[in-house]
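After this come two complexes, each holding subunit A, first together with subunit B and then together with subunit C.
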Partner chain A sequence: MAAVTSKGQRLWNRMLVATVFVLVIVFLAPLYWISSTAFKPRSLATTVPPTVVFEPEITPFIKLFTRRVQMRGEVDPEVYEEAEWYEKRVLDAGERFIKDADGNIESSGYWSRFLNSIIIAVTSTFLAVAMGTLTAYGFSRFRMPGENDWLFFILSTRMLPPVVVAIPMFLMYRAVGLVDTHVGLIILYTAFNLSFSVWLMKGFIDEIPTEYEEAALVDGYTRMEAFFKIVVPQTATGVAATAVFCFITAWNEYAFALMMTNSKAQTAPPYIPSQLGSGITDWTVIASGTFLFLLPVAVFTFLLRKHLLRGVTFGAIRK
Partner chain B sequence: MAQIKLENISKKFGRQTALSDLNLDIADGEFFVLLGPTGAGKTTTLRLIAGLDAPNAGTININGENVNEYSAAERDVALVFQYYSLYPHYTVRQNLEFPLRSKVRRLTEQDISASVARAAKTLRIEHLLERKTDKLSGGEMQRVSIGRAIVREPRAFLMDEPLSNLDAKLREILRAELKDLQMKLGATFLYVAHDQVEAMSMGDKIGILCDGHLVQVGSSQDIYNRPRDTFVATFVGSPAMNLFDATLSNGKAVVIPGSLEIPTSGEAMNHLRERAGKVKIGVRSEDILLDSSGPLEGRIHGVENHGVEKVVTLRVGELLLRATVPARTVLELDSPIRFAFNDKKLHCFDAASGQNLIFGD
Partner chain C sequence: MIGRLEPGSIAAKRGMSDLAIRNLFIIPTIIFLIVFNIFPLIYSLGYSFTDFRASMNAPANFIGLQNYRELLADEYIWINFATTAKYVLVSVGGQVVVGFGAALLLNREIPAKGLVTTLLLLPMMMSMAVVGLFWKLLYSPSWGIINYALGLEDFEWLSNPEVALYAVALTDIWMWSPFVMLLCLAGLSAIPKHLYEAAAIDRAGRWYTFTRITLPLVTPLLLIAIIFRTMEAFKTFDLAFIMTSMESTELIAIRLYKMAFQEWQTGKSCALAYIVLIMVLAITNIYVKYLNKAKER
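Coming up: the complex of A and B.
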């Protein structure tokens, strides 16, 4: 009897391991594909079957940050001789840099888009978490008429898919001159994240006993001082978890970025696919752009993974 | 130091009335214990005085000054919570320094460290100063939390059942320490308790709170010997006072016709001689005397051994009475026994209102 059970148990365990293995492959395969393509020579990017073993090279990243044209004919050996190592890589690939009158290599838009992404995601995350924490504190600690209705109202802003309001938003933004500005996207992303931030932070703040702040009030501090000295340090985990979620949302947002920005304040997500149409499609460049774009979120999430798990199980589920 | 006076305080939470028309007068340097069952409004009273909640009506005076509009910080009273509520991300020292670093006070670093050292010495927690608060035992935590209260020399101390989460032994030790501390500081203490032993042993004055009303205020002797009504009579004292229905007529209180009748000629009942009608008679367990020549007879229904004494349950007809007797008394279950009431210590309450007819005013 015992042997049968253990046999069944073993089979079950094997099936579990196999399932996990398959899932891991399913989730990691696209990631591997993008990362490997980012380091492939262009000729190997589209081979069928896909090339798995190859010598990784940095050329796609050089191409990503610069503007180039396809060369006609052979490269002048003298020019090749004088070229820097990175220029040689491009020349080897049959392309040359576009240079301005002073001979400086022209930069592609990627770096400024990436910077826009950072500015907009960081600022909107900061605003959403800061305002959300204060709002959540108010809801958690003070009783007011219609409190649950207000909370529901805040949540209801997330009930429609955001794209539904895209066109009215665009018209409004155009009217007030917020199209293609950093401020415009920051406001938009802050608004998206705020309801989420309020609800998540309320869960965390509800967990902190009010006695701590009350002790501080009696000890001679104002409500605001008590909030910053007692509540905020206590809920650091909550703030971290909320910040990660808000940051990921703002960082990955595509639809509104595509519609509301075109150059000055454009973020990386709409920029990367926009390179598809310009002349030849160089998948290695797209992949390298995507690869760099993935890094911040991957690192951020990995560093804060414990808080994230706690945020999901502790902040969101209760009540 | 301070004198605290509450006048006509009412407090409602939604539709629920926590306190109604409460008047309380606490003298400077007094150890005042507010005693009552759970939900009587004790903690609410403390929170109103501390400034954490605002009353719906009435005034709160500290040293003759109306502080209704003052914030908690401006009232300069200290509050010790039931759950220690030490700031968890600080060390013991930082916890003690916290009230001193408030902008309200503006003290120099020397003053702060001198005050912390003094408070730590008083409470014997000097060796814990650098420790994180989550590495403390319950008793140590409550010491630190009392330390946080005394460190800034407030006008009055408010304590919300600070000992109720400690084990019995520690509670006994800290009880003595707290009383000692209060004497040493000469400070005004308002101490909330639901444990009558705590109240009796510590309080200069005890206020009994029931359903948001202050039922009786007095010394522990007063409360114990002259309870104003049946609530106070049964709430204070362990075992609780025996209370049973009787009918007054013809100079006797008849409990069970024929077998349990108490003449009103005794010292306590004397001036009820002319009265007739339904009453409740109260007898403390120590005022039931086992006496082979006593006028009353019952059977031994149960015996609890408490070490220094035994609590005997006597049965007379349907009535059960609890009596305290010396531990060495030999008792046999179900055997008949004769007893007497100490007629100097009998209590008699109005059957309808519960008011004490002997000591009532």
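Coming up: the complex of A and C.
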């Protein structure tokens, strides 16, 4: 093909590449905008025309983790002198921390929601991947009557609309006291991710030649030993990719969290939007909460980039 | 073909039998899924024949098919379904056009192609709820950057019944076009180069090459993308729920949520859930069929 590229075609190609870059910039503008708002002074967040050049500051993140009130009047200079640097930032913005009787700064709900998200996502990921790997091995290596039907059944549980499952689950959880508990959400997310984990891990395990295990069996390993010592180490990449996908799904999940939790075990996705209606909206704080929440997902997406196609097609297409 | 170990082969006599291991590995997962997915559905099937309200202490009364009859005769439910259909059509249609277009553009030598592709894939990995939230910021009528960029002063996107659904669909297109792009790129890169070379020798035009070579060979993966996105768009809850709260954007999943958790018509909502469930399972069936087809290639 290269031999027949004319000058006109090269120009055409160059124009297309330029178009791609312009489109990518337009496409990424929303992400740039939310990230930049997270570092803006409040007065610049909602200006017309939008402020593009500004001095980034971390005040929104300080505000994100604390409870504050708007100040009336000037700051007492003595108080300002004694304040720590982070308190000064808030005082500069015309707000002060709400403190308890001992003078400790009260923290906002964000941190506990963030922590809940981590606990729930990590635990459910661990369970889903562990069970999924075993089941995938079972389906990959052994014959089972009606195995395609079973695999379809497993996948179909993933496709159930969350609201449909949530109604009876809520009633059942209410009966056994699992509403608004970590365990409750962990169970739901494990069930939700399990099917995905089975399908994806089956793809990875199918790729490992059975010869390794057979050789191990000949050498006197039991099947169990062969699985743990030969197969599991070879699936490390697959396990890592599956785990990251499961983590992201659990991390992002909104509907179950909205319906099954309200405070104690609430995760970040239902909490962050709920900040919108309460009082005067400070978009820089919402943006900083969003930024912090999206950051791990962005990092993981980069780590996963080679496996994305595989992940989104449940392991069916491997490239 | 996947190699399989013959049951009862050399090692089966030591340690646990293969059959025992197979059962030990598979059965817990299946039981887990039955207990936490299928059992609740059976439970709600039962409730769908009653007038149960979870907010009251009154016991459930069996009322037969009345819930289903009422739902199917309720014109508002049909409006919800029509809204959902419109949403699916617009958002999946947009994703196919944008995603396929982007794949065609990216299917060439481009500096930093890997980085560009990964950056484009970022939105689909993010939380729908959070994406919906920050698109509200972008859509803000008085100071949002969308109105500023388009030169529309004070144009209402999300509180305008005529436009809100399309505004939500646009966000969905932004988020999920990369998904279609990813699958199309996989399809495009699998097309053997010699086909294009042969077409060039035959002096086939661009359009002819596109419709006779590119399109048919990408179609299997494109179809998978379309069916999957259709199913997801049909179930959409988070995005529309966060972004707007108007009648014109009340998708079926939102109606279901309100019926169950705001109006507490538990019995009736279970019946509606079943109607939705049957539709989703039908699409899932088609999806898996195509997925298996793609796998065999």
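Here, the second predicted complex is superposed on the first by the 290 of 319 C-alpha atoms of A that agree within 3 Å, B and C clash if a C-alpha of one lies under 4 Å from a C-alpha of the other, contacts with A are read in each partner's own complex, and residues count from 1 in each chain.
The rule we apply is simple: a residue touches a chain if its C-beta (ideal position, glycine included) is under 8 Å from a C-beta of that chain, and two chains touch if they have at least 3 such contacts.
From a predicted model like this one, the values you see are computed outputs, not experimental measurements.
Colleague: After lining up the shared chain so the two structures overlap, which partner does A:A215 touch, if you call subunit B first and subunit C second: first, second, both or neither?
Modeller: A:A215 sits against subunit B, while subunit C stays out of touch.
Colleague: Residues of subunit A touched: more by subunit B or subunit C?
Modeller: It is C that touches the greater number of subunit A residues.
Colleague: Would you check which partner chain A:A130 touches, where first means subunit B only, second means subunit C only, and both and neither mean what they say?
Modeller: Neither partner.
Colleague: Identify the partner contact of A:I187: answer first if only subunit B is touched, second if only subunit C is, both if each is, neither if none is.
Modeller: A:I187 sits against subunit C, while subunit B stays out of touch.
Colleague: First (subunit B), second (subunit C), both or neither: which does A:P233 touch?
Modeller: first
Colleague: So subunit A touches subunit B in one structure and subunit C in the other; where do those two contact lists coincide?
Modeller: The answer is residues 209, 211, 214, 217-218, 220-222, 225 of subunit A.
Colleague: In their shared complex, at which residues does subunit C touch subunit A?
Modeller: Touching subunit A from subunit C are residues 2-5, 7, 9-12, 14-16, 18-19, 21-22, 24-26, 28-30, 32-33, 36-38, 40-41, 43-44, 47, 54, 102, 105-106, 108-111, 114, 116-130, 132-138, 140, 142-143, 145, 148, 174, 179, 182-183, 186, 189, 193, 196-197, 200, 221, 224, 231, 235, 237-238, 242, 253, 256-257, 260-261, 266, 269-270, 273-274, 276-277, 280-281, 283-284, 287-288, 291-292, 294-295.
Colleague: Can you name the residues of subunit A that touch subunit B in the complex?
Modeller: Residue list for subunit A touching subunit B: 209, 211-212, 214-222, 225, 230, 233-234.
Colleague: Give every residue of subunit A touching subunit C within the complex, in rising order.
Modeller: 1, 4, 13, 16-17, 19-20, 23-24, 27-31, 33-34, 37, 46-50, 131-132, 134-135, 137-144, 150, 152-157, 159-172, 174, 187-188, 190-191, 194-195, 198, 206, 209-211, 213-214, 217-218, 220-227, 248, 251-255, 259, 269-270, 272-273, 276, 283, 286-287, 290, 293-294, 297-298, 300-302, 305, 308-309, 312-314, 316-317, 319
Colleague: Enumerate the contact residues on subunit B facing subunit A in the complex.
Modeller: Against subunit A, the touching part of subunit B is residues 50-52, 71-73, 75-79, 81, 83, 85, 87-89, 98-99, 102-105, 148, 152.
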